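The two complexes that follow have chain A in common; it is paired with chain B in the first and with chain C in the second.
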Partner chain A sequence: MEPALAWIVLGLPLLGAATLAAWPSEPPRSMTRVLGVGPMVVSFLLTAWLYVQMLGENSDDRLVVSRVWEWIEIGDLSIDVALQVDPLSVMMMLVVTGVGSLIFIYSTEYMEHDRDYRRFFAEMGFFVFSMLLLVLAANFLFLIVGWALVGLASYLLIGFYYEKPPAVAAAKKAFIINVIGDLAMVIAAFILVVELGTLNYLLVFEAAPDGLGRGAVEAVTILLFVGAAAKSAQVPLHTWLPDAMEGPTPVSALIHAATMVTAGVYLIVRTHELYELAPYASDLVAITGAVTLFLAATIATVQVDVKRVLAWSTISQIGYMIMAAGLGAYGAAMYHLMTHAFFKALLFLSIGMVIHGLAGAQSLDRMGGLGRHLKFAYVATAIGVLAISGVPGTAGFFSKDEILASAWDAGDLGRVLWLVGALAAGITAFYMFRLLFRTFSGPEPEGGYGVHPQPSRWPMAAPVAVLAVLSLWGGWIQVPRGWTWIIDWLEPVIGRESIPGQQAELVTLATSIAVVAIGAAAAWWIFAVDPARPKRLAGRLVATRRLLEDQFRFDHVYDRAVVGPTRDLAEYLYRRMESGFVDGLVRGAISLARGSAMGLRAAQNGLVRTYVFVMISGVVGLGALLAWVVTR
Partner chain B sequence: MNLAATTPILIVGAGATISLSMGLLPWRFAQRHGPTIVALVGLLAAAVMSLVFWGDRIEAFDGSLHIDRFSMLLNLIFITAAIAVILLSIREPGAVDRRGEYASLILFSTAGMMLVGAAGDLIVLFVGIELLSVALYVLAALEVWRERSLESGLKYLIVGAVGSSILLYGFALLYGATGTTRLGEIAEALSGSTLTGEPLVFGAVVLIVAGLGFKASAAPFHMWTPDVYEGAPTPITAFMSTATKAAALAAFLRVFTGGLVEIEADWDLIIGVVAAAAIIVGNIAALVQDNMKRLLAYSSVAQAGYLLIGVAAGSIQGAEATLYYLLAYLVMTLAAFAIVIIREREVIDGDTVGALAGYARRRPVHGAVLTLAMLSLAGFPPLSGFLGKFLLFGSAVEADMIWLAVIGAIGSIISLGYYLRVLGVAWFGDRPQSAAEQGLESPRLAGLVTVASGLAIVALAVAASPVLDACRSAAESLLGA
Partner chain C sequence: MPMVTAIILLPLAAALALAIPDTSRMQARIIALLAAGLSFAMVVSLTVRLDRDAAGLQFVDQHSWVSDAALQWAVGVDGISIWLLLLTSGIVLLGLIATAWRPPEREVGFLAAMLAGEAGLLGLFAAADLVVFYIFWEAMLVPFFFLIGMWGSEGRVFATTKFIIYTMVGSLPMLVAILATAFIAQDTTGQLTFTISELRGVSFTETQSTWLFAGFALAFAIKVPVWPFHGWLPDAYRAAPLVVTAVLAAVMSKAGVYGLIRIGVPTFPDGAENFAIILSVLALVGIIYGSLVAWRAPTMRMLVGYSSLAHLGFIVLGIMAFDIQAGQGAVLQMVNHGLVVAAAFLIIGLINRGTAGDHIDRIGGIAAGAPRLAVVFLFVSMAALAIPGSNAFVGEFFILTGVFRHHVWIAVLATIGVVLAAVYMLRLYQTAMNGPAFGANSRAIELRPVDYVVLSPLVGAMLVIALWPASIVGSTRAPVAQAVAPAQIAAERPADQIERPVVPNPPPEALPLPGDEPPIDEVPAPAVGEEASP
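Coming up: the complex of A and B.
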């Protein structure tokens, strides 16, 4: 195995981005395409080669640390510039460069009409470099560096359309919430330095069982999880992700669906040795994931903007992965991370074809009946919807069921979380089919589309087709009672993971098929059968008494028991929790800071006597403080 | 005596005198360019001599001057700041008619700072501080036709006099308690004693922290900073915020980490509180500033707080972190001020945040340097500002002052609010229609300083290992006496 390949894979996207950025003027579009897409594809091929080489090694020899030089040496603490090449990082590299290449190819066409063509590819290349640094780092310091750099890249790309104030506001919000996470991770790193004297992954994991006390290990893992939650948009640090949809659609597909937002899952799996020592932190992780996946799923049912539906569904799906990681099912979490990258990228790109075809329209109210005009996008989206809903045979089916089955086997807490996850799977099917029906079937919106829907050309269609195949069949690499390639592959990193028992799998299989069928059928009945029904239903929810006499007794009960409360809950959560509580906290903190700043400004009155008075008061205050300390 | 060891200071002093007299020469070229050239040559020679003495440990004048790695490293910081400021001051309106005075005052101030860095005696320390301050009082008021500049100089003088008296009072009490002004002898006299037994030392510590805190513009002794920074000619502001701060921190390290180390348990909390206050006040007040110079003034208050964390830690590790952060702070602040200076000459009211609107898009190189400077000041990894903060917070954690590290971290989050705002305006802002072009092109050398500072921000992070080695040996020489 040639670990130096990892350095080339890491360096190529940066080289491409730097060349584009340093180009004195806007280069010709063909040149931008070559410099943007070329390094990505080569990186992917090299990663694939690295993967093949690694397959040829014994599983004990698959973990290599490639060290270039010692960056800092302070006392006993030494930090190297080094990459860790192992099955986990190679799996992440494959996802990042593979899905990345497809999205880059797609973007050559999608961004064709944008005047900042070069800037787009330069920033995307910079993102890929940062993400690869994050997954390849061999110690916590470079992990934090990559962590922060992807935050910066995300900031730049959310604010890509800088003329739009909402885009700039969203970029800022995302960056600041992410920095909260960065700082938590820095503090975790301090604790590791103080307690263990090293930041090197392998040394930390080796020393942790004896070197870290119970309190310290819980503190470190909880702080790391704050970082993970900020990056992966978990409650209560999730509010930035829906706003991040202000960025161009390929950005949403790559950064805010397939790769960066799953970094939190990667982090927990990477540091699983610590989480295994910290039962409370692990439970917190699992519960947070479950709460997130449920809340986000309910909220997704009432969104009108297509990309926001997908954003909430991303939050919900990452909730599944986080829950699995918290319950110790690291293989299942990584498996879902991979399949989610396929089908969520597929959904964003196929919905992107619709948005592109309608010259930028994103509201479901401006869509409907598009299946007649955009057949390819229709089929692709339908495949994505099947996969994310977990229809048997598709990628999402295998990975989501494995998470749920693992939860079933994970004790009492696991059973409760299993129930939450299974319920949310039904809601997921409901909102995804709602998206499908409202976009592609039914009548055209009142007043037409604005522009005639334009089908896309091959640079957009080809990556979508590849992702569609992966979403349909990519789940077959790990089949219950059949073969466990993912778990085998990750064994050198996460150890031998137990597979769920037969009972867990059968119960999960039956339940998930049932809830998905119910969710999909409900969506079909409400949104596809009769185009006027959604409006009527909305009216009837208020006039529930009349509905009691309705002949669709079962539907009616279902409506009251599931749709109505879910919908109301979603509305309530969206209005109260989202805008009232969570946003309110953020806004309150900001206005507190600004208020105190105004107060300080008032004291700054420009008079020397005030300044001297404050100085002398400071001296007296310090003296009093010291006297108090000394005489205490 | 050991006069040879003091050559860096002597060269700078001589350079100051010669460049002042250059203006008296009859030739036009000598009048126009003489002072600048002499000053630059003098500073470079002093830098070379400082490098020559690197590694030596010489006590000059019976221990009142320490020529060691600590003072030599600080010499390089002061000299770099002075050279950058002189280059940035070419064609500065305040300097045009009085080039000789301008250059020589900067050199006198630098010589004062070098005395502070090398001081092994309270008297030398105080003389150094006065020498650097008096020169700066004049420099701040140098644009005599501008009311704000005069106001700035006058305010600095009055408040500075109060600060100096407090400091001197503290020194006097320390002398009274120990019977000596030599830092080394003070350390010996204090060994074994505690503050409860020595009320004089108790008072001395508080007064010295306040007096030096004033020079470092740490809260609550910072209130002069925004007014003086805003009113002074911008290159002088850059000099004050980099070199003066470094001198004040050098004094802190010499007195506390070097001299009063025996009673560390009794002053670390005081300095920690001042650091925390500076971080909180500076970062919060900066949020609402619309003038770049005021914004950077409050930012420098907050940065003084970060720097003081390393002093409060009271360890070699803390001193090392402070020294590294001083280097990082020097280059990122110079980069930020260089952009402001260039912009100020291009448009009227160029020192407002609004004047930078869209500037980064039109001048991408300046935009990139500004971005590096702001992100590094905010402590964004992997830039040198991040590394410095990482080391500072780490030294606080090591010294069992986790609360201080947490306040520092919270301060960093708040600081993003204003650093990012500057970047947002510079990259995403619309160019204001009203901006009146002044059309003063900046000389190439100003651009050179800008780019060099930007590169140094990155270089200090990439080549962290040798730089940290130098900082460590400098920190160790503090205690090795």
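Coming up: the complex of A and C.
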């Protein structure tokens, strides 16, 4: 195995981005395409090669730490610039560069009409670099660096249309919530440095069982989870992700669905040695995941903006992964992370074809009946909907059921969470089929479409086709009672994971098929059978709908309880303390000085003997003071 | 060749040369740039030749002047001060280049004052003697007084008055403290000296130590400034020409923190220990207060100025933690803050080229017309808010790690300042750069070749530190460990955290108790042995 490959994979996207950024003027579009997509695809191919090489190794030899230089030695803490290449990081690299390549190819066409073509690819390349750094880092410090840099890339791309105030505001919100998460992780790192004297993964995991007290390990894991929750949009730090949909759709697909937002799951799996020592933190993680997946699913049912429906579904699906990770089913969490990357990227890209075809319209109210015009997008979206709903045989079916079955086996708490997860699976089917029906079937919207829907060309269609195949068949790499490729692959990192029992499998299978059927049927009955029915039903459940449309008023509470008071305090400090108190004090002192100067003018009588007298008495006074200080 | 002396005197000589009447503007520019450039080059050569593992001063240049009064010229550098010399000479050189392109009125005088100010700062950072330190501390004020008073904008008279009064309030007690230190030390060691390294290890009583530390600390706290001694800062930063503001914020603010780690903490460990919590809490208040006020500040300069108050709070926290990691982080952060804040003020200067005023809310959307500037500004903003991966993050991370080791809650509360930094820096960046374009002629703002000359060294230095912080941190370990060791002992820290032994002055076997009759050199050395032998 050649760890240098990992450095090349990491460096190429950055090189492409830097070249684009340094280009003296807007380069020709073909050049931008080459510099944008080229490094991405090469990175993917090299990652695939690395994967093949790793397959040839014994499972004990699949972990390599590649160090290039000592970054810092401070006090007795030493930190290297180093990458950890192991099955977990290679799996993440495959997802990031693989799905990333497809989305980059798609973007060449999607962003064709945009003025800032070069900036788009430069920022996307920077994102991929940061994400790879995040998954490849061999210590907590560079994990945090990658963590923050993906946040920066996400900030830049959410605010890509920087002349639009909502985009700018959304970018800022995402950035600040992520800074809060970063800081929690930084504090966790403080604890590790102080208690263990190292930030190196392997050394920390080795020393943790003896070196960290019970309280310290719970604190570290909870703080790391705060970082994970901020990045992965878990309640209560989730409010930035729906707003992040202000970014271009390929950005939403890559960063806010397939890769960056799942970093929290990666983090928990990466540090599972610590979570295994921290039962309370693990329960907190699982419960947070369950709460999130349920709340987000309910909110998704009433969203009108297509991208926001998908955003809430992303939050909900990550909730499943986080729940699994909290319950110790790390393999299941990573499995769902991978299949989710396929079907969620597929959904965003196929819905992106619709948005592109309608020249930017995103509201469900401006859609309907599009299946007649955009057949390819219709089929692709339908496949994505089947996969995310967990219709048997699709990718989401296998991975989601594995999470639920693991929950069933995980004690009393697990049973409760199983119930929540199963219920939400039905809601998921409901809102996804709602999205499908309201977009593609039924009559055209009143007033018609803004523009005539345009089908997409091959650079957009081809990646969507690949993702559709993966969403349909990608789940077959791990089949209950059949084979367990994901768990086998990850074994060197997460250890031998127990497989859910037969009872759990069967109960989950039956339940999930039933709830998905009910959810899909309900959506069909409300939105597809009779076009007038949604209007007739609008009068029911007004208060509930209102609450869901307000997204349980998290934003409102934060504004009232945190942002508002802080701003008032700052305003008060600036207006009163700075201009009033501190400044007033000084002005007072100055006028006092002026006044005494007037008095002292009398002393300035021009007589040398007065001056000499004053000088001598001053020296004597000073000397007396010194003598007093010295002798006491 | 006495390099350190030459580094200090070269700008001073150039400043005097410019004072010759009838110097033409072109001559003045050449002289100024040559002197500053040569001085910078010499600092670079010292940096390369420095022994990075040594704790004491190197390249020491010591000449006795009035030996009876122990007056001398003594300068030198170590792994801490070398970076401040590099920062000072580099920033002033860049400032002079920027000035040459946009010359102010009475340019010759301006250049002379800048050079004199540089000499003052260099001398301060290189001083190995308390009197030399004090002279440069005071002398530095004169050129800055004129720079603000003569080339400043509206409110400059008030600003200079305030600046001078504040500084004098601090420096007079410091003068008293310097004299008292020397005299008290003479009583214990029998030798009058102002040499800083010789005063270390002198055992002052706790009361003496406390009062002497207080005398120094007040001057340092005003200079930094530490909240609530920052009253002079907004006015001075507002009134001074932008290049001068950049030098004030980037370099002069380091005089105070440098004094703390060079003189205050190592010489008066008991006093420093008594004030540790007070100063740390004040620094913490400054971090949060400065960040909040920066968020609401109406102009770009004020915003960056108040952010300085917050950032310097981190440095003070790091020094007062008496922790090697935190101390090394603090020294690194002195350099980082200098680079970042200088770049920020220079960028504000560029923005002012195309705007009517400095008000944040009256401009917007500059990025569309000035994309290159937007990239550089974003880079600097990210460094200012210390995003992980930036140079400033390295400094803040290790400062807070060290603080966390001893005062968990101070470190945790200080992180609030980091969140607020993101809030105010994004306010600055986004309102100026993003949104619909108005209020600014962005074509006039876009980077020009000369702007690259001035900004790229700063950006390049930030990148180098981010990728390889060991370059700076590696040389600070021994001097920082030596500087904090006495205070660590005073604070009763575990032995494994203390790296350097404290050498008492005078050595214990030669120590006559205060009030002992025989002067030190008459104590018969064998007497100790005689007592021990029977």
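Just so it is clear, the second predicted complex is superposed on the first by the 539 of 632 C-alpha atoms of A that agree within 3 Å, B and C clash if a C-alpha of one lies under 4 Å from a C-alpha of the other, contacts with A are read in each partner's own complex, and residues count from 1 in each chain.
Criterion: a residue touches a chain if its C-beta (ideal position, glycine included) is under 8 Å from a C-beta of that chain, and two chains touch if they have at least 3 such contacts.
For clarity, every value in this text was computed on a predicted model and none was experimentally measured.
> Scan A:I144 for contacts with chain B and chain C and give back first, second, both or neither.
The answer is both, since A:I144 touches chain B and chain C.
> Contacts for A:V464 in the overlay, against chain B (first) and chain C (second): which applies, first, second, both or neither?
Touch partners of A:V464: none, neither chain B nor chain C.
> Figure out whether A:V217 sits in contact with chain B (first) or chain C (second), or with both, or with neither.
After superposition on chain A, A:V217 lies in contact with neither partner.
> Is A:G621 touching the first partner chain B, the second partner chain C, both, or neither of them?
First partner only, chain B.
> Quick one: is A:I74 in contact with chain B, with chain C, with both, or with neither? Answer first, second, both or neither.
After superposition on chain A, A:I74 lies in contact with both partners, chain B and chain C.
> Does the superposition put A:V135 against chain B (first), chain C (second), both, or neither?
After superposing on A, A:V135 lies clear of both chain B and chain C.
> After overlaying the two complexes on chain A, where does the chain B footprint on chain A coincide with the chain C footprint?
69-75, 141, 144-145, 147-149, 152, 159, 162, 168, 172, 175-176, 179-180, 182-183, 186-187, 190-191, 193-194, 590, 593, 622, 625-626, 629-630
> Please output the residues of chain B touching chain A within their complex, sorted ascending.
Answer in residue numbers: 155, 158-159, 162-163, 166, 195-196, 202-203, 205-207, 209-210, 213-214, 219-221, 223-224, 226-227, 266, 269-270, 273-274, 281, 284-288, 317, 320, 375, 380-382, 386-387, 390-391, 393-394, 397-398, 405-406, 409, 412-414, 416-417, 420, 424, 427-428, 464-465, 468-469, 472.
> So in the complex, the part of chain A that touches chain B is made up of which residues?
Answer in residue numbers: 69-75, 141, 144-145, 147-149, 152, 159, 162, 168, 172, 175-176, 179-180, 182-183, 186-187, 190-191, 193-194, 590, 593-594, 596-598, 600-601, 603-604, 606, 608, 610-612, 614-619, 621-623, 625-627, 629-631.
> Inside the complex, what are the residues of chain C that reach chain A?
Within the complex, chain C touches chain A at residues 161-162, 165-166, 176, 179-180, 183-184, 187, 207-208, 211, 228, 230-232, 234, 289, 292-293, 295-297, 323-325, 328-329, 365, 367-368, 371, 375, 382, 385, 387-389, 393-394, 397-398, 400-402, 404-405, 411-412, 415, 418-419, 422-423, 426, 430, 433-437, 467-470, 473-474, 477.
> In their complex, what parts of chain A are in touch with chain C?
Residues 21, 69-75, 77, 119, 141, 144-145, 147-149, 151-152, 159, 162-163, 165, 168, 171-172, 175-176, 179-180, 182-183, 186-187, 189-191, 193-194, 566-567, 569-571, 573-575, 577-578, 582-583, 585-586, 589-590, 593, 622, 625-626, 629-630, 632.
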